[in-house]
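Two complexes come next, and they have one chain in common, subunit A, joined by subunit B in the first and subunit C in the second.
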Partner chain A sequence: MPSASLVFQSVVLGVLLGGLYALLAAGLTLYFGVMRVVMIAHSAFLILAAYLAWYAHREIGVDPLLTLFVTVPLFFAAGVVMQRLLLTRLRPATLTMMSVLLTFSVALVIEGLLGYAFSGTQRRIRLGYSSASIEFFGARIAVVKLIAFGMAALALLGLYVLMKRSRFGQALRATIQHPDAARLLGIDTDRIAGYGFGLGLATAAVGGTALSLDTTIYPSLHWHWIGPLMAIIVVGGLGSVPGAAIAAMTLGMLQSLLQLELSTTWAQTVFYVALFATLAVRPQGFFGGRLAQRF
Partner chain B sequence: MRSGSDTRWLRLGVLLVAVALALSFPSMAPSPYEITVGIAILNYAVLSTSWNFVGGFTGYISLGHGAFAGLGAYGTGLLVTKAELPPFAALFAAAAVVAALAVPVGYAALRVRGASFVIVSIALVLILLLVFQSWASLTGGSRGLVVPRPFPGMLRSEHHRTFYFLFLALLAVALLVWWVIDRSRFGMGLKAIREDEDKAQSLGTPTFTYKLVVFVVSATFTALAGGLYALWFGDLDPVFQFSILSGAYMVLMALLGGVRNLYGPLLGALVVGYALEYAKVEFGDTPLHLVVAGLLLGVVVTFMPDGVIPAATALLGRFRRTGETSIREVTAAELRERREENDTTEVSSERSST
Partner chain C sequence: MASDSHSHSEPGSGPAFLLELDDVRAGYGRAALVLRGLTVRVPAGAIVCLVGPNGAGKSTVLKVASGLLVPRSGRILVDGEDLTGHGPQRMLSAGVAHVLQGHSVFREMTVAENVLLGGYTLRDKALIAERADFVRALFPVVAERWTSLAGLLSGGQQKQVEFARSLMVKPRVVLLDEPSMGLDPKATGVVFEQIVRMRDAGTAVLLVEQNARRALEAADTGCVLDLGRVHIAGPARELLADPQLGELYLGGRPARR
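Take a look at the complex of A and B:
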């Protein structure tokens, strides 16, 4: 049995990891909300952002955090373009299925191009504060993990404020809840859906930068992220942001705790076990409403 | 009436020529290498035809069918090496085990529609990859698993030739079963699910049972193909057996050929399989094959989601100018598009009249 301080350390690490999961799952939930699209390429964009941060750091020596000012607008634009040019071309009747394949193919292209440009070698950013850590009630927490969590928390908070307080957020939520009614009220739902998609992709930019701070990256890494993220949104209930956040925190913590007793790979299976258990017991997820049952 | 019997004779003729070509290929091939390419393509054809039991009939797109192929391959390999079963007994035993496993997997995956189903199918590959890599004491982990050859005394070229015919036989069985289901009441129910699951259910189709049965059939054929591959190739690595890419190739082949057609996946496998083998020789193992596969899948999904065969027949139909009969198959997607087109034309005509 591991000591109490070790367990506490795992809980703290689990919360920090869960924050990042929650941000990324929120992005996936946005795509699903505005367009009923399951975005497989989300984690590929995540790794792309991490690579951009790493590349900028290597070539011009800037702090990875500064790349956010470029990657966030860039990814937002890429999301809008992807929604306008690719996803709206699909037939409405088979949109959900075909969008999975389309975004899957985008993920393959990104992985292939990353592998071609930067080779399959594992990369890591070395920073002045990489090895720094602070004591927190007896648990040692790496500073970079705290920064990553802070970024994720800030981005989530920003997303929340945007969704709840701004006119754009209202329009976006109206589009998610009832596109026809939103159109009747004069909302340009197509444009709003594009922006919603861009916002989702912007979360991948923030997440990727956070990831690059303390993780070794390689092109096929995105498969290790998409599985857990998909499991999180299903467990939380497709389309539910709070559900995704709660599922992300719970599963992130469980994974972190299981790593005490099991190897890293076995600990990751907790996501899939949770996914299968959820579907067998409560297919619409634990916080999903009417929307989730149909998909 | 006359044109109907004409096309029937034409089809029979094409089928006979294709079968004759397939049977005589090994004796015409200049070297054993061509036969191995033929086997690889046949393997793809069996896999994508097996995939098409679920994808084509029910419209549920599984990206994780590679998992069943991998399970079939590892099941066969482990039963031969650890339980010392005879090779072909092991093959069928492994397929039976996979069929039994597909029941709970299908039970979880098919309770939900579309999106969650794909998520589960991807998760299945990823979880099995983790398990087979980590459980090194049983599976050999990343070092791989060597499966002994089923015919020890046989020369290498003879070995390839035998397996060519074994794969061909498996393909024939898979196609036959697909054809039988296509013409049965069961197949009618499955296609109803594909077009509109709610309506099918309200008309009394036992949708869940139908989906589950066809899912298990599909998994079994996929496992047989995987197991046969294990016996032929003799060396298994979790990274390749439980690769998300192999599942994606199945989808790509089936979609490219056309999921509603019996020979669609076979045609797709011929094109994509040959292209893959060619790329392997020409470009080696660069990450660019991912880009090519991704672009191809994207183009097929965006521009011809019904596949080449329907696109070609539509083109032919335009030349022949055969009028539409009153009883015909129209997909839910087409109906919806037509309805929307009608709506917009009505609106615009109303506008112009006022």
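Take a look at the complex of A and C:
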């Protein structure tokens, strides 16, 4: 049995990890909510953002956080272009299924380009504060994990305020919930869907940068991430952003606690166990997720 | 009925009809045509009711009129202006609002958010607030449940939220697709009262109803649709009194009167 202080340390790390997962999964929820698109390439974009942060740090020595000023607008634009040029060409009747194939291929292209540009070598950002940690009621917390959590919290808060308070957010939620009724109110649902997709990729820019602070990256790393992230949004209820956040927190915490007793690899299986359990017991997801019934 | 006291179409002032669908042919994808040369005219300030069997194309008429479906041929005129081929945004700004069949509230948004989104194209905050006050007075339920999630309301209440949402832009004609569908008799009564009240407030109504007898009682003009064409059109009261029509389309019960 691990000591109380070790359990406490794991709980704190679980919260930090869960917060990061919540951000990484938020984009997936948006794509599915807005357009019924299963976006396999989301994690590839995460790794791409991580590579851009690493590259900018190595070449010009800027802090990874500063790359956000470039990558967030860039990814937003890429998302709009990807939606307008690629996804709108899919037939509505088979959109969800075909989007898996289409975004799978986009993921392969990104992985290939990363391998071509940076080789398959493992990379890691070395910062002045990379090994710094602080003491929190006896638990040792790496500063980079705190920063990543802070970024996730701020980005999710921003997303929440945008969705709830802005005119665009209202139009996006209306488009998610009833596209025809939204069109009849004068909302340009195609344009809004494009921006919604861009917003999803913008979260990937923030998430990838947060990831780069504390992770060794390599071009095929995205395969490691897409499974757990997909599991999170299914458990949370497809299309529900708060649901995904709660599921991310819960599963992040469980994973962190399981690592005390099991190896890292076995702890990872918590995502798939949760996925199977959800599909068996409550296929529409545990939180919100009424949208899933329209699947 | 409230319709008895109402008169419409003053000659000489502008086009005779607010909304005109002229010889429209329309269908979905490569499937056979649903509308085959249909003509429907809605005068300002009147309730025009489309009745007819399932599959006659009633809902399709409304989709063409609001720009959701572009017709293959024929013309759509709003106040004399040819708007054929335009989408819902343009039709809305011309004064055509459309309330869809079934429940079309944004379920996970509050009643307030639903209604205010009705003014999405207005942009002027003061104007939106003023219109919101207007529809809240018109639909007391909307004011009472202002902060509730719309998906939690009963079917009849959701319908009134949809009406309120569509009236935010002060449309000149509202297209209502089966507003009484799935409602109990009491809620149906309220909905029809609201429809008459909309008309009395100056908004023309193009109404599609399964509940044909009830709808014709509220309407000024009736059109009987079959196989994508208008078979008979005339004053609603005359259609109700026609025994043959009652047999064919109004459920066989002879008109009382």
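Everything that follows uses one rule, which is that the second predicted complex is superposed on the first by the 291 of 295 C-alpha atoms of A that agree within 3 Å, B and C clash if a C-alpha of one lies under 4 Å from a C-alpha of the other, contacts with A are read in each partner's own complex, and residues count from 1 in each chain.
Keep this in mind: contacts are C-beta pairs under 8 Å (C-beta built on N, C-alpha and C of every residue); 3 or more make two chains touch, one makes a residue touch a chain.
Since the structure is predicted, the reported quantities are computational estimates derived from the model, not experimental observations.
**Student:** By the touch definition at the top of the document, which applies to A:188: first (subunit B), second (subunit C), both, or neither?
**Tutor:** second
**Student:** Could you look at A:116 and tell me whether it touches subunit B, subunit C, both or neither (first, second, both, neither)?
**Tutor:** In the superposition, A:116 touches subunit B alone.
**Student:** Who does A:58 touch here: subunit B (first), subunit C (second), both, or neither?
**Tutor:** A:58: touches no partner chain.
**Student:** Looking at A:165, would you say it contacts subunit B, subunit C, both, or neither? Reply first, second, both or neither.
**Tutor:** Touch partners of A:165: none, neither subunit B nor subunit C.
**Student:** Looking at the overlay, does A:272 come into contact with subunit B only (first), subunit C only (second), both, or neither?
**Tutor:** So A:272 only meets subunit B here.
**Student:** In the superposed arrangement, which partner chain does A:177 touch: subunit B (first), subunit C (second), both, or neither?
**Tutor:** second
**Student:** Who touches more of subunit A, subunit B or subunit C?
**Tutor:** Touched residues of subunit A are more numerous for B.
**Student:** Looking at the overlay, does A:140 come into contact with subunit B only (first), subunit C only (second), both, or neither?
**Tutor:** Once the two structures are laid over each other on A, A:140 reaches no partner at all.
**Student:** For subunit A, which residues belong to both interfaces, subunit B and subunit C?
**Tutor:** In subunit A, nothing is touched by subunit B and also by subunit C.
**Student:** Subunit B touches which residues of subunit A in the complex?
**Tutor:** Going by the criterion above, the answer is residues 32, 36, 38, 40, 86, 89-94, 96-98, 100-102, 104-109, 111-116, 120, 219, 223-224, 226-227, 230-231, 233-234, 238, 263, 265-266, 268-269, 271-272, 275-276, 279-280, 283-284, 294-295.
**Student:** Quick one: in the complex, what on subunit C touches subunit A?
**Tutor:** Listed in rising order, the residues are 66, 68, 87-89, 92-93, 97-98, 100, 104-109, 113, 116-118, 120-121, 151, 165-166, 169.
**Student:** Give every residue of subunit A touching subunit C within the complex, in rising order.
**Tutor:** Contact set of subunit A toward subunit C: 167, 170-171, 173-174, 177-178, 180-188, 288, 290.
**Student:** Flag every residue of subunit B that touches subunit A in the complex, lowest number first.
**Tutor:** The touching residues are 59-61, 63, 107-109, 111-116, 118-120, 122-123, 126-127, 130-131, 133-134, 244-245, 248, 251, 255, 286-298, 301-302, 305, 331-333, 336-337.
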